[in-house]
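Structures given as structure tokens follow.
Next come two complexes built around subunit A: one with subunit B, the other with subunit C.
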Partner chain A sequence: MAQVFHPSTNTLSKVSIFGGVFFVLGALWLVDELNRSPYVTQAGVVRAQPVAFGHKHHVAGLGIDCRYCHTSVEEAAFAGIPSTKTCMTCHSQIWTEAPMLEPVREAFRSDASIAWTRVHDLPDFAYFDHSIHLAKGVGCSTCHGPVDQMPLAWREHSLNMEWCIECHREPERFVRPPSEVFNMDYEPAQPQSELGPALVRELHIKGRTNCSACHR
Partner chain B sequence: MSRERSLRWCGPLLLSALCATGCRQDMHDQPKGEPMEASAFFADGRVARPLVEGVVARGELDLDPHLSTGKVGGKHVETFPFAIDAAALERGRERYGIFCAPCHDAAGLGEGMIVQRGMKRPPSLHIERLRAAPVGYYFDVISNGFGAMYDYADRIRVEDRWKIIAYVRALQLSQNATLGDAPADERARLEAQ
Partner chain C sequence: MSGPKSPHAEGGTPVIGPGHSLASVTDQISKIVLTRKTPMGWFIGLGVAMLGVGLLISAIGWLLWWGTGVWGLNQPVGWGFAIINFVWWIGIGHAGTLISAILLLLKQEWRTSINRFAEAMTLFAVMCAGVFPLLHVGRPWLAYWLLPYPNTMGMWPQFRSPLLWDVFAVSTYATVSALFWYVGLIPDLATLRDRAKSLVWKRIYGALALGWRGAARHWERYETAYGLLAGLATPLVVSVHTVVSFDFAVSVIPGWHATIMPPYFVAGAIFSGFAMVLTLAIPIRRIYGLEDFITMKHLDNMAKVILATGMIVCYGYAMEAFFAWYSGSPYERYMMANRMFGPYGWSYWALITCNLLVPQLLWSARVRSSVAALFAIAIVVNVGMWLERFVIVVTSLHRDYLPSSWGMYYPTVWDWALYLGTIGLFFFLLFLFIRFLPMISIFEMRTLVPATGEEPPKKGLHIASAGASSGASAGEARRP
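After this line comes the complex of A and B, so read on.
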């Protein structure tokens, strides 16, 4: 009986087995990259909001402190989103006719909530706490980027576990004096390679990498 | 035959893969309520619940009207409910900067950034009437608002309100100091200028 397959198919089958491995690895790599891409993590993607509230206007333009609106950021896990009343402390007098602010006035009149679109949202199985980070000298801008320059808010970092761990392994690369955490234009006065380790010693900063720190 | 066997595995595999991704979302967004989340359960659509009438939060029982209302016997108090030290004054300075300076400006003259953009102009904190006002009056203004100024009761803790008032008092002293208030050695230097 004649050979069904030509001898060259030997090579072909070897190549396809070999190629298959690469194909699988490549597919895995692609999935991994996709998971880190802004498409999945939403990093850098500007969110539409019910009111076009601009940090750029209010923080950089008017010099209002973060804590005027995000009141609980120093004391609690949750930073706090300002109530409608907080907006109205100024907007009962300023831009009272602006159609842009109609949803705010409407919510104030009817005691409804403004449904802001969340920009940062960790999965519910991960625990995060603002107060400890501020007390240990991690500034808003380290995690949230140049908020004071954002016309509409976006997320600066992926918020992947990888990102948290990168800092928890080596906090000395990122920490600043706790008095500077609200400073959006912070530049270290001395090289970070000297300042960082000194702060870690002074504030007794521990690198938290045990799973139960964040998955409790 | 072998083709058939592998096909038989395909179904369950696909199903478990689907299940796994399904669970993933479940754990990402659990039925628990996060702060300020929307709720499908409560009529007002909010997870955050208002306190039931008459509830007193732990540690917030109002035992000292001097501290928590700034009034004793219906009159504004003249004294602070606790001793003001340097740390309290520093805290007051910080809080004043966050909550009052946008309108009243850093010196208390009433020319803050928001006023420059069209807010009603508040009176200077250095006018005679306000310098003579008892500290309890300031507490009242911060806690209950005054005219066009909304109250700050939900955003500034009771202790911090008193510390802000202490700082306002310090500001008033600083803006209205006379040469006689300076220590002797400083006075000589100032007179030379």
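After this line comes the complex of A and C, so read on.
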């Protein structure tokens, strides 16, 4: 009787049986890595905008406060995207002829909105409120990163739930005095291991981790 | 048969028909698979089962398109058919492991001819069972959230929920059952490889046989592996349905929150599992002429197991009623009264008829020796066990503590379509199995062949003797 299999089948079967395990584990690991990569989360990816607005220039260069443009950040859930009029408070006086700013002037003339590309967009099933985070000492840069160093804005963090909940579980690792929340160069004056728990007590910070805190 | 030398003549009824040799056993079982002519009935059966699979696919498609609203679920009855059918199928899936593992360890030789297809039945039943909770989660494409893996949500699943324990219990059970079944198949796959005529089938069976040559070392390792798997599977027989019963017992719903649930569920599972084995074995032995291998002794033993486990189940019913009264809790008492005389009272009395009254017929040896009666009783028990889950799920949920939240549950046509669809899937897989794999373990059956002058009498654990006798030639035992 002729052999059913070539002798190489022995090697092939051993490789496929043992290799299969590593292949499956490797594939799962790859999916996990991909899922956390900037390709999916957009963290660290510079976003193109209709007008090349530079936070670095306006914040670090000119010293404009966050709240000059993001007016509702202390009172409302939404920080606020400035209206074209906010831009024009300065740009009706300076750089009035700059070609770079033509879309701004055009929007002002036609009373249309500039279609900014949103950089931080949470899914609709997650409720988020800027005002409470500021009131409890979460600084702008804690979530948004060094915005004053961003020529064009990018998302500093993944906005994955594991990132949110890291702070909600241990707020003492991240909070600062509420007076310092807009400080882009903030460094804790005393060790965070002492300051954090004190702030949590003082400000009654409850890092809420029940589902309905965010998924209302 | 039963010559005085035969070691298998317990009580006179044989576990294998007379006149068989090692070769005839191998021939008769393997020819079902290797035959060139498939019986017409097989095609008809497969066709009907495929209609069921079509129904299943339609029901799932409709459900995914419209959502769980197409089912009859509502508040307060949020579980309905999905859980009833899940528990029913999982219960049916218990006979396989019981027969394979526990009866193996107890050296019950009569298990040999029914273990293979009971294990296959177990696997298929677990597959059918899995369909229901998977769809019941509402978004089956996110069902992997049930597994603890390092996810981007920074969350673990709720380890305190019995619904999660279910995931582990059922997936472990499915894995071990599949391994057990496959490992047990390997020597027979080698036999099929050696006997197949076409190169394609030689290759297919050969690849599945994993290079089995029947060497003494192969048999030694096989025995070790099979024994270990039997040891692993044994606690699973008890644990899986215990965990399923926790879905109910860990809640605070009247009628569910009871310590009787785990043993009562396990007994019910074995009860329904054996009923399903009988339901399948009786027509199969008839159609394929396997009366010599699945003898009246087997049917009789299975009937006795059904009777015994049925009595445990009925003890469970009695205790449920007793506890409801003895607890003094108005909610428990009302639950029992509602179960018996409420709007679903018909289902309770049908259940009592099917599971308590009808199986009492099995006390009679005459009934146990009538194939038709056994078949009918097995069907009745299958229906009864489905009704049991219906009663448990629906009557407890539809009227709980607050009368203002009472309601009624009516399954829709899509509930029924999905249920019938899984039955179609079950038989579809079963038809494929009996056509392409040996439905009875050939090498284990060979060990039951009574000793002749040429064969040394075999004693002790039969796997060992199979190893010894098969060591001589490749996939097959030594032919006399």
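The rule is short, and it goes like this: the second predicted complex is superposed on the first by the 195 of 216 C-alpha atoms of A that agree within 3 Å, B and C clash if a C-alpha of one lies under 4 Å from a C-alpha of the other, contacts with A are read in each partner's own complex, and residues count from 1 in each chain.
We take it that a residue touches a chain if its C-beta (ideal position, glycine included) is under 8 Å from a C-beta of that chain, and two chains touch if they have at least 3 such contacts.
Please read all numbers here as calculations on a predicted model, not as lab measurements.
Of the two partner chains placed by superposition, A:42 touches none, neither subunit B nor subunit C. Within the superposed three-chain model, A:162 lies in touch with subunit C and out of touch with subunit B [touch as defined at top]. After overlaying the two complexes on the shared chain, residue contacts for A:192 are found with neither subunit B nor subunit C. When the two complexes are superposed, the chain touching more residues of subunit A, out of subunit B and subunit C, is B.
Once the two complexes are overlaid on the shared chain, A:4 sits against subunit C while remaining clear of subunit B. When both complexes are overlaid on chain A, the residue A:83 reaches subunit B alone and has no touch with subunit C. Of the two partner chains placed by the overlay, only subunit C lies in contact with A:13; subunit B stays clear of it. Contact with neither subunit B nor subunit C is seen for A:131 once the two complexes are overlaid on the shared chain. In the superposition on chain A, A:32 makes contact with subunit C only, while subunit B stays out of contact range. Legend: residue contacts after superposition of the two complexes on their common chain; A:64 is shown touching subunit B, with no touch to subunit C. Subunit C meets subunit A in the complex at residues 149-155, 193, 199, 202-203, 206-207, 210-211. In the complex of the two chains, the subunit A residues touching subunit C come out as 4-5, 10, 13, 32, 35-36, 158, 160-166.
Listed in rising order, the residues of subunit A touching subunit B in the complex are 62-65, 67-68, 71, 78, 80-81, 83, 85-86, 88-90, 92-95, 113, 115, 123-125. Residues of subunit B that touch subunit A in their complex: 27-30, 32, 34-36, 38, 45-46, 97-99, 102, 113-114, 117-120, 148-150, 154-155.
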